[in-house]
Amino acid sequence: MIVAIAVTQPQAPARQARRNSPMYRAWQRYRKNWFAVAGLIWVVIFFIIGIIGPWIAPYSYTYADFLHMHSGPSWQHWFGTDTVGYDVFSQILYSIRYALEIALGATCVSFLIGVILGLWAGLAGGIIDVIVMRAVDFMFALPSFFFALILMVLLGKGIFPMILAIGVPGWAGYARLIRSLVLAMRNGEMVEAARALGASQWHIARRYMFPNVVGSMVVSLAFGIPYDLTAQAGLSIVGMGLNPPMPSFGNMLAQAGANILGFPWLLYFPAGVFAITLLSFLFVADGLQEAFNPKGGV
Amino acid sequence: MFYVKFLAKRFVAIVITLAAVIAISYIMMYYSPGGFMNTTQLASALAPLAAQDPAAYQKLMEQFQSRYGLNLPLWRQVLQYEWHTFTFNFGNSMQNPTLSIVSQLKGALPISVFLAFGSVVVSVVIGIPMGVIAALKRNSWVDYLVTTLSMFGQAIPSFVLAVIFVLIFGVVWQNVLPVTGWGTPADAVLPVLSLAAGNIGVVARYMRGSLIETMRQDFIRTAKAKGVKYWALVIRHGVRNSLTALITVIGPQFAFTVVGTVWVENIFAIPGLGKVISTAFTNFDFPMAITAVFILGGTIMLTNLVVDLIYSWMDPRVKLQ
Amino acid sequence: MSQPLLSIEDLRVEFDRGEDTVYAVNGVSFSIAEGETLGIVGESGSGKSVTLMSAIGLIRENGRIRSGRAMFQGTDLLKLSERQLEDIRGREIGVVFQDPMTSLNPVMRIGDQIMEAMLAHHFCSHREAFERTLQLLHEMGIPEPKARFRNYPHEFSGGMRQRIMIAIALACEPQLLIADEPTTALDVTVQMQILALLQEQRRKRNMSVAIITHDFGVATNFCDRIIVLYAGQIMEVADTGTFLRESAHPYTVGLKHSIIEIGHRARPLQPIPGMAPTITEMPHSCSFASRCPFAAERCRSELPQLREIGSGHWVACHRAEEVLADVI
Amino acid sequence: MSSEALLEVHEVSKRFRVQGRDLHAVEKVSFQLERGQTFGLVGESGSGKSTLGRLVLKLLEATEGRIVYQGKDITRLTQKQMRPLRQEMQIIFQDPMASMSPRMTIGMAIEDAMVIHKMGTKEERHKKVDELLERVGLPREVKWAYPHELSGGQLQRVGIARALSLNPKLVICDEPISALDVSIQVQVIQLLRELQRDYDLTYIFISHNLAVVEYLSDVVAVLYLGEVVEQAPAEELFSRPTHPYTQVLIQSILKMPGSMEERQALTPIQGEIPSPFNPPKGCPFHPRCPLAVDRCRTTKPERRNIGPNHAVACHLAT
């Protein structure tokens, strides 16, 4: 009996350690958040639709059913058709694909620029820090949506231009976050202790800084995606997004707004899917935030 | 004296930022496809004239180019444009060449400013009490209701809400509230609400978190130990200290709301600055677009300056710089 | 001693930590006489501050008072509503906290914070409160009270802030002053200033003082009577003279021996082994037994009760007499 | 003094630039330290004692002065050149929780020190982690724990184990016990003493607790506003404190009396430590000094020897 305990002992604490690791505990907290889990499920579904949407769509987004223009939901057209006869259900499936492409792409672009500039400012300090932070102030002085409008004019319409137009002006927030994290750590006792051990800059960044900022970065990314989803739809609302017949939530909503009388299904389905999606992303982001740095919680 | 220096510094910063925005916009427009100021469009429109009377066509084009300073080198064009903008000499728009930009924007600006400020005021007035109640009744059904509603408000963009309002008040409850146009006070209700929903969510959630955090501070315990009555404690010590933190989110929120006006004015067909901006951009009316961005940007930055002043007044630890 | 001012009887407090419960205070009884200075000594987690804070309703949200009474001038504080407690706190009982950096409202002028204490209790008119505040600032040794009235906490040093805290606590002339580690966050020279100020005010106002501290030096030099807490229980109660001469609890003796003071250079160290437990189960035996050199079989099976082994000298140890014999 | 000093610090100063103003954190401090010795640094908050510790390790760069380690001038070494030397010079922090990554287990944290210096194979390192934990009095299982699961005293032992893992010669103990409970403090002090004996360690012991510094140190320096006002062998300094500030510090400690009759009167010194942004003219201590004369207000006293190895910066000291 005693022998058995002695043999299993080294593994038991290892398992215990995994259970007490900050990541595992964050996941535990996340799991308890009902909203966050529901949001995550929808986000996953959204992603799957984004990938396979074009294959399961009953109609091509360019196929206009002239015999059933602005008809309500039916077996043929689940979510009805719009004024030109496009199938709303198919349009939504395609919209999800493009919305995801644009929002994820834009978030990646912003994040990449932000991380590079933020790291550079935080680590180099001095004049570089001043220049980057001035640029951040500049970007914050005006809503990045205006920069996106200007960029759309310059780049022309399309998916790739939209990624750049939304992504490039969005870097400032990430840069500021990364810089503040780097600064807080660089002057913190943990990094000082690592330096005292003789760790190289690279070792400190990899083993000490990165694991401790990854949570905050994931949270900021999670908040960034719904913001960029909104922005890409918002560009279409003002007529600067994808050109019809390229389907997008913005176009559908704008059209629904213009044709609201008599054709409410044009609004129900796109607005519903879009709103649920944004909510889900926000629930996920909020859940992650609570999980990684529990403060206002229980 | 200190404030004079501070304000002077901030004004300089605002002017520099605006100048940079204008320069960047102008240069980007200059290189945008289709040619700057849409000369190609004009050229094709005047193509018949060019065939008939090349001299007259040439003269017209030159007139056009010199009117907008297009015959100068780029850097001179930028400088000239900056000068015109900062002397509020915006010139005429391209869409309506006979009307000056100023005359077109004169009516639009107050509408957008009213919408943006109105929605921020509404959100503060509604959001703060919501957040306070949620924080004080933490983990009760009231709290869950407030938090969930705030999440909805925050997640659903103003344009989606606006379209939903159009459906509700344009189809279901017709004639309760107007869904298009501008003129009567009732016209403002739905746009302001669509814009405020998100802000209410942000304000309520932020207030809740901030107040919960504040109520855990040591000085709250000190106030309790003094025997301060509950509501005095909550308001004088709790809310008062949470407000200083809340003010920091109002600035960015205002900027976000201004973007919202661009969307919402489109949906409600309100002739505000946002509508002007989107029309200008879609029609490649660059002088108009740059001017509108200039004015909105200036408004946002001035608002931020005021926010900073209030912040320093509310929190003596904050040093203005 | 006369009628006690505050007497705490069999107080039990626990904290809910989600996965488990911490029994922070387990049946603590003691009293504070009028005009007495009582020292409550213990290490972190011993429940020394929880005991008094729960008596005046300043317990953390996840804390729960299981049982007990806290009789103050004939009323049980634990039975009072929050509103009734508000009337007593700051009026009859003043509190000074440990960290003067965080214990003052950062966005309120310090004068207003002192005045607030008086105005909340309608102690005097607004005009008088202002005058009294200036007087208090002066008494606390803050130079130029009139000018300093309008300053904010961050414009003061740590020592000065603690003086302001004392002014707040004394504003309504309370009968009892609770000082929760009032000098722990301060430098030694400032600690001396604050303690001297507290002593002077105590004499002048003839109030009772309960000082919570982990420092035997502070407790023995400052207090009339000393209570030693460990793991939420009273280990020993004695007046300072007895305490200095003949402590009878192995924990007290161990602590005394492990204090390093100036002039101890040549002495060998005698640390108490192990560390203080976090009590997550109701104790059924002596909580100190695992660290105690005197521990016997009985100590590990039976909870020692507080018993009087000399006049006013109470000890919770099965083997107190033997410990005492060993010490003397 | 012996030429075989392990560490020599010559006239080291550190000034910080804070919002356009100079903050004199450390002013012309000199001392030397022989192998196996303990050098005690005492002072109140803001005296620059922690800054001095970091200057010695070159975690901060000195503004002026020289630091010589084992006969080698390390003042001008780059951070990269310092790295191999860091094996020999270690530091124990006041707040062990803050000095560890919350995402590393204790085992990983200790092992990482050895990984950095490429010491041993993985198995050897793991074995050494076990040995070290045992040596500092912790059960082996602790290596699976995360910092937040340990108590302050346990964490400080981990901090000591991590420093020891590199077999250092010089260890700077920066307030290693001030965050701990009394009964735990003594345990840690005892551990530090044992380790010093067993591994022939040299300590710089930084603390505001005079009694502990006296207990552990061979030589003690008293810092006030970044300057050494008195420096002497520990016994000498505490039996014959000469600088008025040292005297005040010693008097301010409340000792546990033997009986009621021996209780101390509470006699406070006036004033507070001035802001290091504008230190007083003349002797930095003169505004609080009960003995100050005119000369103290105008001329700054130089540090001078008043006995063997006993230096004081006071006009009135004899």
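Note that the chains take the letters A, B, C and D in the order they are written out, and that residue 1 is the start of every chain.
As a working rule, a residue touches a chain if its C-beta (ideal position, glycine included) is under 8 Å from a C-beta of that chain, and two chains touch if they have at least 3 such contacts.
Please read these numbers as outputs of a predicted model, since none were measured by experiment.
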item	value
Most widely separated chain from subunit D, with each centre as the mean of CA atoms	B
Selected interface, C-D versus B-C, where C-beta contact pairs are more numerous	C-D
CA centroid of subunit A to CA centroid of subunit C, Å	52
Distance between chain centroids, defined by C-alpha means - subunit B, subunit C (Å)	55
Separation of subunit C from subunit D, taking each centre as the mean of its C-alpha atoms, in whole Å	31
Mean-CA-position distance for subunit B and subunit A (Å)	23
Sites on subunit A at which at least two other chains make contact	298
Chain-level touch network, classified as line, ring, star, complete or other	ring
All touching chain pairs, where touch follows the definition stated at the start	A-B, A-D, B-C, C-D
Subunit B-facing residues of subunit A, complex	35, 137-138, 140-143, 145-146, 149-154, 156, 226, 230, 233-234, 237-240, 250, 253-254, 256-257, 260-261, 264, 267, 271, 274-275, 278-279, 281-283, 286, 295-296, 298
Sites on subunit B touched by subunit A in the complex	13-14, 17, 20-21, 24-25, 28-29, 31-33, 139, 148, 151-152, 154-157, 159-160, 162-164, 166-167, 170-171, 208-209, 212-213, 252, 255-256, 258-259, 262-263, 266-267, 277-278, 281-282, 284, 289, 293, 296-297, 300-301, 304
Complex contact set, residues of subunit D against subunit A	54, 57, 59, 79-80, 82-87, 90-91, 93, 95, 98-105, 112-113, 116-117, 141, 144-146, 149, 162, 166
Residues on subunit D engaged by subunit C in the complex (per definition of touch)	44-45, 151, 153-154, 181-187, 189-190, 193, 208-212, 214-215, 234-235, 238, 248-250, 252-260, 263-264, 266-269, 272-273
Complex contacts: residues of subunit C adjacent to subunit D	43-44, 157, 159-160, 187-193, 195-196, 199, 214-218, 220-222, 240-241, 244-245, 254-256, 258-265, 269-273, 275-276
